[in-house]
Amino acid sequence: MSALTLADARTIIAAAEKRADEIGQPMNIAVVDGGGNLIAHVRQDGAWIGSIDISISKAWTARAFDIQTKDLGDNAQPTQQFFGIHTTNGGKVAIFAGGVPLLRDGVVVGGLGVSGGSGEQDQTVAEAGAGAL
Amino acid sequence: MSALTLADARTIIAAAEKRADEIGQPMNIAVVDGGGNLIAHVRQDGAWIGSIDISISKAWTARAFDIQTKDLGDNAQPTQQFFGIHTTNGGKVAIFAGGVPLLRDGVVVGGLGVSGGSGEQDQTVAEAGAGAL
Amino acid sequence: MSALTLADARTIIAAAEKRADEIGQPMNIAVVDGGGNLIAHVRQDGAWIGSIDISISKAWTARAFDIQTKDLGDNAQPTQQFFGIHTTNGGKVAIFAGGVPLLRDGVVVGGLGVSGGSGEQDQTVAEAGAGAL
Amino acid sequence: MSALTLADARTIIAAAEKRADEIGQPMNIAVVDGGGNLIAHVRQDGAWIGSIDISISKAWTARAFDIQTKDLGDNAQPTQQFFGIHTTNGGKVAIFAGGVPLLRDGVVVGGLGVSGGSGEQDQTVAEAGAGAL
């Protein structure tokens, strides 16, 4: 299984940016490798500065637990089995939509995080990005 | 679009203090610039020391997401789309009333955060401050 | 002994700003009370954003140890008795010039921190501010 | 003075990557805007994961104090005027070579940080990147 490269990350980011442009919402987009370590991040012009950290956290979370952050979020609500997980790992765990695992031949090789709009907007941009791998 | 100056921040703070005096609740008041960086902070005599940090976080949050913190709070409740956002960004995200974006000619140029009373009190003081710009 | 008020802090800051203007170096200026808690902060237009935190840390340090930060710094060099103190207290201890205790009738009632120029510049602005109390 | 855009950041990063390739040392390269907030980051294939954070810190530091990090480092050695500055600002201050301010028409509009090799290697890559703006 070949590791995620910077070229891969750029392909993913380009596809995510294209979708963000289509929906007219500037985004922060981050890609991490299989070790959860940042490969690349971009903030589109006009995107929220508060979303820089969140995009990276979503990417890390998606790889750290091999799960979409929106699905983790369902399990992280009060009374659910993982409630409280958002304060573990030094606060790096994001539990709302926009983080997706990156797969190659069915194996998780990294994570993609998108932040800058509504949960629905972040999710569609993340899915467009992940689909490009 | 001209950047927020210290003179602007003082005008905003003076208006906020006037409103805090009217309602008889001493406040912490903080102003950040367009990059989210603190320009000025004051703690009125008798205001809570726990609110120093909160006022600065509210100001930062209002600029970081170009939103009033009370509105962000509505979306940050359990089961809502941004639940968990209060633990991102190193804990700098405030999700209760009292933080408002600062606009000049319709463009966000900074943020104002007020903390020291009830949510309603913080909000009215913040609105008075922001209205002075 | 009366506690330091916001009015006191403003008097101190005004004197510090006057000196900063005289030497032509924009500064961050912070005042803390006897409990080490921030009363007021200002960043003059053009002052370094990296100095926001440092001005507050200098003010806190000057009160926390009732000492000028430049004097603490002499004792905090390698091989000196307090080497390493800058990493205590969550990193809030500043060990270079620009932080001075604030005295009323010979008693320390707070701290003033100035950051934005050379050590010499920070120190002269801090002394001007403290002298106004 | 127009703000730094993502397109600007990509131009800068492309020039930095070109220089890194020439010297055969993979690098982390980060660009921040005038508020010190990340616009873009890339980690070239094979570059140290420990340098992700350092590249971002160097970019932030160069803007936060409008100085090259290697020059700040000279002033941050034991007995020098800024010794201890590396533990301020939550540890975000980098005091070794590889961070340079980004100027447009003589005004600092952001910062560039490079990390992944020796100080000399980081510096030459940073200079190549900054020169492209």
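What to note about this one:
Letters A, B, C and D mark the chains in the order given here, with residues in each chain numbered from 1 onward.
The criterion applied here is as follows: a contact is a pair of C-beta atoms (placed from the backbone, for glycine too) under 8 Å apart; a residue touches a chain by one contact, two chains touch by 3 or more.
Bear in mind that the values here come from a model prediction, so they are computed numbers and not experimental data.
When chain C is laid over chain D using CA atoms, the rotation angle comes to 90 degrees (nearest 5). Between the CA-based centres of chain C and chain D the separation comes to 29 Å, rounded to the whole angstrom. Centre-to-centre separation of chain A and chain C, using mean CA positions: 42 Å. A separation of 25 Å divides the Cα centre of chain A from that of chain D. Of all residues in chain B, those that touch two or more other chains are 35-37, 90. By the definition given earlier, chain contacts exist for A-B, A-D, B-C, B-D, C-D. Contact residues on chain D toward chain A in their complex (touch as defined above): 5-6, 9, 35, 37-45, 49, 52. Across the complex, chain D is touched by residues 48-51, 53-54, 57, 73, 76-78, 86-87, 91, 93-97, 118-120 of chain C. By the touch criterion given at the top, residues 35-36, 60-61, 63-66, 78-79, 81-85, 87-91, 93 of chain B touch chain A in their complex. Interface residues of chain B facing chain D in the complex, by the touch rule stated above, are 33-37, 90.
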